[in-house]
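Below: one structure in C-alpha cells.
The first chain written gets the first letter, and so on, giving A, B, C and D; residue counts start at 1 in each chain.
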Amino acid sequence: MSDPVLSLRDFRVSFPTLNGTVQAVRGVDLDVGQGEMVGVVGESGSGKSVTFLGLMGLLPKTTIIEGSAKIGGDELVGRSSKEMRPVRGQRIAMIFQDPLSALNPVHKIGRQIVEMIRAHQDMSKGDANKRAVELLDIVGIPQPDQRAMQYPHEFSGGMRQRVMIAMAIANEPDVLIADEPTTALDVTVQAQILEVMQRIQHELNTAIVLITHDLGVVARVVDRVQVMYAGRAVERGTVDGLFKHSIHPYTRGLMESIPALGRERLVPIPGSPPNMLQPPPGCAFAPRCAHARPICTAEIPELRPFGAGETACVRADELAEEYTNV
Amino acid sequence: MSEPVLEVTDLVKTFQVRRARGVRVEKASVQAVSGVSFKVDAGQTLGLVGESGSGKTTVGRCVLRLLEPSGGSIRFKGQELVGMHRNELRGLRKQMQIVFQDPYASLDPKRTVGAAIAEPFEIQGVAGDHGKMVGDLLELVGLAPDHAGRFPHEFSGGQRQRIGIARALALDPALIVLDEPVSALDVSIQAGVVNLLDDLQNELGVAYVFIAHDLAVVRHISDLVAVMYLGKLVELASAAEIYDRPAHPYTQALLSAVPEPDPEIERQRNRIVLEGEVPSPINPPSGCRFRTRCPKAQAICAEQEPLLVDESPGHAVACHFADATPVTVWQDGTFERPVG
Amino acid sequence: MARFVLRRLLWAIPTLLLVTFLVYIAIRIGTNPSEAYQRSNPRANEAKIREYEELNNLTGSYLKGYWGWLTDFVKGLFDGGESWQRSIKGRRPVWPEMKDAMANSLRLGLAASFVGITVGLGLGIFAALRPGSMRDTSVNTGAFIAFSIPPYVSAVLLQLLFAVMWSRWFGHTLLPTSGVYPPGHQGFDLWLMLKHMILPVFVVAIQIIAVYARYMRASLLEVLNSDYMRTARSKGISERRVLMTHAVRNSMIPVVTVAAIDIGGILGGLIITERVFSYPGMGDFFLTAFGNGDFPQLMPFMVVIVTCVIMFNLLADVSYAWLDPRIRLD
Amino acid sequence: MSQHQFVEGTLEYEHTHDGLDDVFAEGLTTDSMSPRQMARRRYFKHKGALISTVLMAIMVLFVLFSPITARYGVNEAIFKAEAGRPNSYLSPRSEAWFGTDDIGRDIYSRMIYGLKVSLIIGIAAALFATIVGVTVGSIAGLRGGRFDDLLMRVTDIFLAFPFLVALLVVRNFLGELDFLTPIVGERTSIRFIILLFVIFGWMGVARLVRGSVLALKEREFVEAARALGASNFRIVFRHLLPNSIGPILVALTNTVVAAIIGEATLSFFGFGPDAGSGDTSLGLLVSAAKGGVTAGFWWMVVFPCTLLCLVALCINFIGDGLRDATDPKLVHGG
C-alpha cells in the first residue's frame, strides 16, 4: 500500500463527566489508503463514531483528545478549531446517520452546498451554484437544477442522504467519513446509497471510512475492515480474510449472532458492553468471552499480525487451533 | 382442523390526517392499510415485513384494536373483534398482547420493573401472590427475581426488551404482536432476545405476529411471511417459499437489497436496485401500487389492480406478472427468465 | 401567502365581532352604568341616567344593545369619532383624547420594545454561546431577578431614587418622573420629551429584556445542540459564520412566534408603567376610564386592544412562515 | 409583563439526537437511584433553587409563628410615650426596625401579616387552578378533537390579552353577578381574589398538562397499558399524571407567583382586597408605599417592595429548580 491518506496512531478520546472520565476511545490505530473503502464495525458504545467525530474536532470542547491523527502527513491532534477549518470539508468530509436533522431546515439545498464549496474554493456565487447543480447530478438526483432550489423537507430520506454526499464531495476531499449513512434508511434505499458511495470511491478515487454496525453492509462494499469493541480495535484485515478467518472471539461472536440460513439457533454474546467509566482491566471483552483465561485480564492486548490480518487476542494461537479442531 | 388464533379478513384502516402545519390545519385521508387478509394458527409465527410506510405497524395495532379498524374483520379465536364493545374487549385483552420496538419508551420510567410486570395482574384482577408471579416471569425471560425493585433506567436495551416480553406474557396470552422487537438492539443482544422468543413459543404455544423490516430475523423466526407494500399485501407464503422462490417483483427486489454478511456471496450476487422510494400513501399510484418502481411494469399495471391469488398452493401473490421461477438478474437490472 | 393573509384578515372580522360582543356584555354588566353615571354626575336625576343608558345602547337585550353600539361605533370610524358617545365625566368627546393617548403609548411602546428586544436577544445570544459559564449564569440569574420585579415596583423605586433621593443628596433632579412635559409646558420639545421617556422606557424594557433573554438563550441552546450545527462545523466554515447563518436564524423561529403573541405582555407592562409615571397614554386612559366606569371610553379602548391582539397573532403566523420554509401558508 | 405570559412562553423542547448517545447508550447508569432520588439530586444541584427553598422556608416559619415573630399587631400603632399620639413616619430604628407608616404602625410586623395573606392567596389560587387545569388539560389531551381546539382557541385569545385589562374587566363582571356573592363574597374579599386567580391561572396549567399528555400518550408504555385493558382513568392516574408531575409543579409555582403579584397589582391600582378587615397583604403594603415616595419616606417603599420581589423570585427559582429536576431530557445519562 502506498502512503496512507489518513493515519491514526494510539488515538484516544475521553469525556470528563460528573461521575468520572469516560474513556470512549482508548488507543486506536488505523490507516486508510487512497481510493480505499475501510469499514469500521462495532456495536453501540464501541467508540466507532466518537473516534471520527473527535478526529474532526466536532465533539464538545471539554473532550480530551490524545495520540496522533494525520491526514496526508499533517498532524491534526492538538489543532485549534480555527486550524482545523482548512481540513474540515476540504480534506476530510463527513456524512451522518440522520440526513434530515443533519441538513439545516431553513436553507435551500443549493445554498448549503454552495456554502461548502465557497468555504474552501475561491469561486463566484454563480459558478458555485453551477457546481452545486453538477454535484447533485453526480449523486443521482433527477432535475438537479430545480431540486437545488428546494428545502430539505421537500426531499425523501434517500435523496437527503444523496444531498449530504454531494455536499461532502464538493471539494473533492481526500477522505470521506460516512457515519452509519444508511442506518436510518429502508433496505431498498440503502442499496441505492451504497451504490452511490461505491461510485464515488472509484470515480473520484476518494478514501472512504464507512462506520456501521451492519456486517452485511460491510461485506457488500468495503475493502478492509476494522472491528471495534470498548474503544479499541480488536481485529482487522481484508474483508474476505476477516469474514473467513476471524480469530477474535468478539468478531466471531458478532458473526454468529446474525440470523443466517440453516442456523437453527442464534448464538448471542452473553452480558453487555462494559462501563467506559471503569473499563475492565486487560482485554475489555474478557468478561463476556467464553474463551477467557486469567491471562486475558493481565494486560490490554495489542493488535498483532495473525493469518491474513491482525487480531488483539492473547490467545489467538490457541484459539486458531481450537477452531480448526472443532 | 382447529380454528386459527387470528384471522384477519380485508382489514382496512384509514387515517384522517389533521396535520397542524404551523398554523394551518391540513386534512387528508390516508389509507394506511387496504384490504389485508391473513391467518395465524396456534403456536405459529407470521412475519410481517415491509419498508417504512408499508402499514405493517398499523396492522399490528389494529389486530389488538389499539387502533380502531375502518373496515374488514378480525376474528380472534373465532370471536369478531371489530365492533366489539369496550368492556367485552377488556376481558379478551388477557389473551392477546404486544411487545414494542423502543425498549426505552415501552416502560414507564417512574415505576419499578416489578410494578410494570404486575400491572397486567392488577388491571385484569388476577388473584394470587403478585410478587412471586413477577419473580417467576422475570426468571422466565432470563432475569433475576430481585430485579423487580429496580427502575427501567438501570437496565440495558436488551434487558428492557425482556422486561417488555415478561409483561406481555404475564396473562398467558394466546397471541403476541411483536412490533419490531429487536430492531433497536445491537446484533449480539438481538440474538438472545430472538432465542428467548423462540423458546417461549415452543414452551407456551403462543402465536406471534412478528413485525419487522429485517428480513434475516424474520426468516429465522417465522413460519409464514407476509410482505406489505404501501398498505397492501403483495405476497404471502411460508418462510421457505418466500425466501427461495419469491414471486412478486417487490419481494425479489427487497431480498436482493438485503446485504448478506459474506463478501463472497455479495460479489457473486446479482442485484435489483429499485429506482426511487416508496410513494406517499396520501396519493398512492393507480392500479398496482408498486408499478412506479417495478422493473416489470406494463400498461396493465396502471389500469388494473392485481389481486392476491395463489400462484401455487399456499403461495399467494398480487402481481400481473408473478413468477416464482428462478430469475436471472443481470447487473444492469434487467431480467432474464427461462422461457416456457 | 397573500391568500393566507387575506383569508385570515377576513376571519378576523367574525372573531372581532364575537370578542367585542363578549366584551360588551362584560363591561355592560361590570360597570353597572347607572351607578357609574351617578358617581360621576352626583346631581343626575333618573331621566338623565336613562338618557345616558339609551344613548350608549345599554338597555334592552344584549344582542340588540350590542348592535346599536356597533352601528354607532362604525359610524364614528368615518366621522372622526363624532358618532361615538361622550365620556361619562364632563361629556368630553372620546376620540381626540384617545388619539393622543394612542400616540403617546405608541411612542413609549415602540421605544421600549426596540430597546428591550434588541438588548434581550443580544444578552440571550451572549449567554447561550458559553453555556454554563459565568456570563451565562449571570445573564440567566439577572433575567430571573428582573422578571420577578413587577413593573410598578421598579417604577416606584426609580421614582424614589430619581425624584426624591437624588435631589436630597445632590440638590437637583436628574430625570423627570412624571408626564410627557413639565406642567405648564407648551409646544413640542424633543429633548424634553425624550427625557421624560427615559424612566418609563427603562421600566418596560427591563421586563422585555428579561423575557427575551431567556427565550433566546433557551432557543439558541436547543439549536446549538442540533445535528445540522455539527454538519455546519464539519464544512470548515468560520465559527462566526456557523453562528450567524445557521444558529441565530434557526433559533429566531420560536422566539418570533412568542414575540408576536407576547404583545399582551408588553401592553400590560405599558399600562402599569404609564399609570405610575402619570404618562398620558392608553394605560392611563384605561385605568381612569375603568375607575369611572366610563362605558363610552372603555369600549373603543377594548376594540383597539382586541384588534392589536388579533393582528399580532396574524403577524406571528406570517413571520413564522417567513422564517421557517417548512411552514407553508396558502 | 405579567407572570402569565411566562407560563405560556416556556419553549417546547424536543429531544434531539446528539453524537454522544452512542457512547452513553450502554453501561453508564450504574448508579441505582429511583427517578425521585435523581430528581432530588438534580434539584439540590440548582443553587438558586436551593437558596430560594431555604429563604422560603424561613419566611414561612416567620409567618407560621407570626404572633411571636411579629413584634406588634397588624393594626397596632406605636404610640408616642408622652401624648399618646401615634408615631407616624418613623424611620427605621430599634422600636420599629423597618420604620412606621402614616398612622404609626410597625412596617416590619405588617410585612409578616401581609406575607401570610399573600401566601394564602397564592397557594390557594394555585392549588385550585392546578386542579381545574389538570382536569381540563388531561381531558383535552386525551380526547382531542373539537373540545381541544376550542380550549386552545379560547386560551390563546385570553393569554394574549393584556393581563391587567382582562383581570379588571373580569373582576368587575364577576363582582356584578349577584348569585356569586354568597359563595365568593364581595369583590374585595380574599375569597374573591382567589377565585379571580383561579380563573386566570388554570389556563396555563391546562395547556402545559395538555402538551405533556399529548406527548406521553403516544409513548409505548401508555399503549402497553391500553393493550392490557387499562381504563382511561387508570392510564391518567397511574401513567400520565405521574410522568407529567414536573410540568404540573412548575405550572403550580408559576401560578403562585402570578397570584401573589396579581394581588399586589390589583391593590396597587386600588382594586385589591379590603384592608378594613384588620388584615393586610403585600399588595396593600406596596400600594401604601406610593404615599411615601414623594415625601421621601424610603422605608415605606423599599422594605415591602423588596419582600414582594424576593417572594416572587424565590418561588420562580423553586419552579426553575423543579423544571431542571424533572426535565425528561436529563433523565437518561445522569
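Basically, contacts are C-beta pairs under 8 Å (C-beta built on N, C-alpha and C of every residue); 3 or more make two chains touch, one makes a residue touch a chain.
Source: prediction; values computed, not measured.
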item	value
Relative to chain A, chain with the most remote C-alpha centre	C
Chains linked by the largest number of contacting C-beta pairs	C-D
Centre-of-Cα separation between chain D and chain C, whole angstrom	23
Averaged-CA centre spacing for the pair chain C and chain B, given as whole angstrom	56
Interchain centroid distance [CA atoms averaged], chain A/chain B, Å	31
Residues of chain B whose C-beta touches two or more other chains	156
Where chain A touches two or more other chains at once, by residue number	44, 53, 58, 98, 101, 272
Shared interface positions of chain D, touching two or more other chains	16-17, 19, 25-27
Residues on chain A engaged by chain C in the complex (per definition of touch)	53, 56-58, 81-82, 84-90, 93-94, 96, 98, 101-108, 115-116, 119-120, 151, 153, 164, 167
Chain B to chain A touching residues, read off their complex	51-52, 156, 158-159, 186-195, 198, 213, 215-217, 219-221, 243, 253-254, 256-266, 271, 273-274, 277-278
Residue ranges of chain C touching chain D (in the complex, touch as defined)	15, 19, 23, 25-27, 29-32, 141, 144-145, 147-153, 156-157, 159-160, 163-165, 168, 207-208, 210-211, 215, 218-219, 222, 225-227, 230, 254, 258, 261-269, 271-272, 275, 286-287, 290-291, 302, 305, 309, 312-313
In the complex, chain B residues that touch chain D	64, 66, 89-91, 93-94, 96-98, 100-102, 104-112, 116, 119-120, 123-124, 150-151, 153-154, 156-157, 164, 167, 171
For the chain D and chain C complex, residues of the former touching the latter	1-2, 4-6, 8-9, 11-14, 16-19, 48, 156-157, 159-165, 168-173, 175-177, 257, 261, 264-265, 268-270, 286, 289-290, 293-296, 298, 301-302, 305, 308-309, 312-313, 316-317, 320
